[in-house]
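This report concerns only the one structure given below.
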């Protein structure tokens, strides 16, 4: 089993993530409708579809793929998701700058940058019922696995599981940020939309890397 | 969903085409497709006023661009904040070398996008200061007032800031007046039926027939109570009670703004105004400025909002100043 | 039915209370509870302009009372003509010794009530002449144009007549200009959803989801075709085709008025305007005056109407003249 | 069987008619909704209810009852019905001026005045699908019965039957006047709202007189 994937080989994952978001459009909007304004899927799908268009036809690697997604979200998608996921992908791409491949430690840097981007901008904490409730435990589980000397694949699997658990954890939370926060206790009992999209993105990313590691 | 649209994903773009064709005297396109501005006027340079927000609230936000009001607007998707790049472009369009006052509403997305845009503008040496409207009393308790949403009170903020800029005031003075306007403003809404984002194709929240949601947000955010629909007089009482408890109004002049949320007929807005006026006078509060109409809507939502502003001498002067726009016009006296 | 009302049988009375409280500068109560008028102005006496019609079309009819427009209005029940006695009282309120121009819409009830009111006024020596708006091309064939309904084109008629009266013209001149305005005006509407008269409690007609009624009347009167909802661009094409076939427009300036029927969001009205503007220019017709908004509604009906007026030098002058009212304001140039 | 009824005895008929109209409010609106704007019952009920209020508490005879209904409709009810039925009742009342009682020939005069009032104002002809399609055949049937020397009761019965037939005749008509006229062929197949209220008024009037004639 290889321990590193070239950014060129990993490039299609940027498309996979985008396609997964586009396919989840209605699902994400439905979740958002329960506590927010029901547009999470619309905004996300519009942005990622645009990114797919921009990536089509020319060669790119994973860094360029993420950079294009980041740019597109920042430039064309408003709402909270434009700046949040826009910064997330931009910062992730930046950690790949000058690199040829992604490995276990490179992925640590990428996850840290992703989390920092979101926290800097949105100041969400774990328990606020946002996408941070997926992102932070995922980053922590990944680092914990690395600390326990798991290989890249093992750490990715740990992250993927933590993302799923993080998403589920938002169900019993009371929203403290964003539109849903105005709901108070009434926001309890349903998942958070941003957490759902974040879990989808991390899962698709992990699955793409795992498939290539196993190849 | 019976709408006057083409591609549901393109309603914002398509609508902007019509706006600039209809009002070339008020609004012109810019290099950025989601930013509109007042045509150049040859007036002396002054502080630029920018706002922005999601589409679907028309005449907000673009409908308040015009003389005595806003200089440039960033336009978002339906119910979504404009991008940071749009706000940034709007700052550039509005700047006349005297700085820009960005007067917008308190939503997570807008906060983030404005924050990023202000940073981008700083790189171009454009000074931007902000006022964040948080007039919706239903959206957080007084001790968390900084979490409150901005709703129709934004119009009062734009009017005050726009009039102050037209007077030739400095950026800090404009910001101070806009901040004073919103600090003295409180709003609350009642929702009576849901609305459908065209790209969604079905309502993104529900209000059962026979019920009203007190304190609903402009995007259907849940309010503070779902009650059986009350007579208009009781609605007025419920809304005024919340507002008057929040800011010590009394013995002074106020501005009253009643806005429909979209589909509630104008005759009902006036009907409600009658009760609000009567109740205020019974509290020894005099409605000095009165606005009744569809000022800040949510697509075809049924419902109303009431916005009260304590008006001192300065705000009285600023509200009376001439202004012209799609949403609000004040004739020269 | 989620409404902002008290007793459903008293919505008109209750709403009028609010109107006079909100706009004492534009509208004051009179001895007749269903007649409102402009406050006395001290201006030189001139021809008085009266209109009237059913409630539920706000801002029509009372929203067009104001300087440069209408002097007194007779207010009917929701969707019902005012009484003969109301029209008569409005004539008395508007008369300044120079005669009264009653500019109203072509409906059986209004025709009868105005006819009786004119007779009553003659007994008081008040001269009343009338212009009956019949701009709705969908409501009868050209050879039966006298059977056509008056719809949003009435606004153009009021604007022309009101401006002419403000110029100090004689009754016959005012009548001639108002007649000319309506003779050069054509309208058509598309209905997208029904509305509910409060006293009825349920919709009094239906438009199935996914369908549009081309040529619908302001009270849900059936149109000329029920079709699947078309894209906005096609709607614009359908409406313009009917209008342009009816009056030889071409190579000249026009006024375009797009009115929502109540619940259709403003962003959709602008979207439609964009297509109408584009198509007219393709026909070598220049939209010189442009009005987009909820000018003539039918409670919470969804839908739109398009009104085109051929504008010669005189009508151009009259449309540009300053005016101020709830529904329409034209700033002094 | 008596051949004449004092106007004092007949006075409650003015109330009966008004109450019948108020009770038919929703029914009349429904008929109007099929081809018009659905408000016929509302306008009519509002006017006749007001008339009942104005008549309550003080003594009146049939002439005064009809005059009050006429005045109320003219002064407080707009639409087409205010002037049309307002004139109808006003003109009917006028034919009773100075009389003590109503008899077979007095009723002829009253019916003629009612019809003339409507035709003068609205210019409707039989076949236009309006209340004239009830009023004119009713007046004709009444006069025909009188010509055949039927007594008052017999003539009233003939009128009542003709009113019902007249109402039914509107079902197959295409509207030529009023809002429904814009419908053209689409107005065929449903009754006319004004015809329905007119039939109700004439029937209640006839029944009231017949009951008193039989007493």
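We just call them A, B, C and D in the order they show up, numbering each chain from 1.
Definition applied: contacts are C-beta pairs under 8 Å (C-beta built on N, C-alpha and C of every residue); 3 or more make two chains touch, one makes a residue touch a chain.
Which chain is which protein? Per UniProt: A, D = Dihydroxyacetone kinase subunit DhaL; B, C = Dihydroxyacetone kinase subunit DhaK.
On a predicted model such as this, the values are computed, not experimentally measured, just so you know.
A.B. asks: So which chains are sitting against chain C and chain D at once?
C.D. replies: Common neighbours, chain C/chain D: none found.
A.B. asks: Tell me which chain's centre, taken as the mean of its C-alpha atoms, is farthest from chain C.
C.D. replies: Using the mean of the C-alpha atoms as each chain's centre, the farthest one from chain C is A.
A.B. asks: Please compute the C-alpha centroid of chain A, do the same for chain C, then give the distance between them in whole Å.
C.D. replies: Chain A and chain C have C-alpha centres separated by 55 Å.
A.B. asks: Taking each chain's centre as the mean position of its Cα atoms, how many Å separate chain A from chain D?
C.D. replies: Once rounded, the distance between the two centres reads 75 Å.
A.B. asks: Could you tell me the distance, in whole angstrom, between the mean C-alpha positions of chain A and chain B?
C.D. replies: 33
A.B. asks: Inside the complex, what are the residues of chain C that reach chain B?
C.D. replies: Interface residues on chain C, with respect to chain B: 1-7, 11-12, 14-19, 21-23, 55-56, 58-59, 63, 190, 192-193, 207, 209-212, 229, 231-233, 235, 262-275, 277-278, 287, 290, 292-294, 297, 299-300, 302, 304, 324, 326, 329, 331-332.
A.B. asks: Show me the residue ranges of chain A that touch chain B in the complex, using the header's touch definition.
C.D. replies: That would be residues 29, 32-33, 35-39, 42-43, 46, 74-84, 86, 121-122, 177-179, 181-183, 186 of chain A.
A.B. asks: What part of chain C is in contact with chain D in the complex they form?
C.D. replies: Those in contact with chain D are residues 9, 54, 76-86, 107-109, 112-113, 115-116, 139-140, 147, 149, 197, 199-200, 204-205, 217, 219-222.
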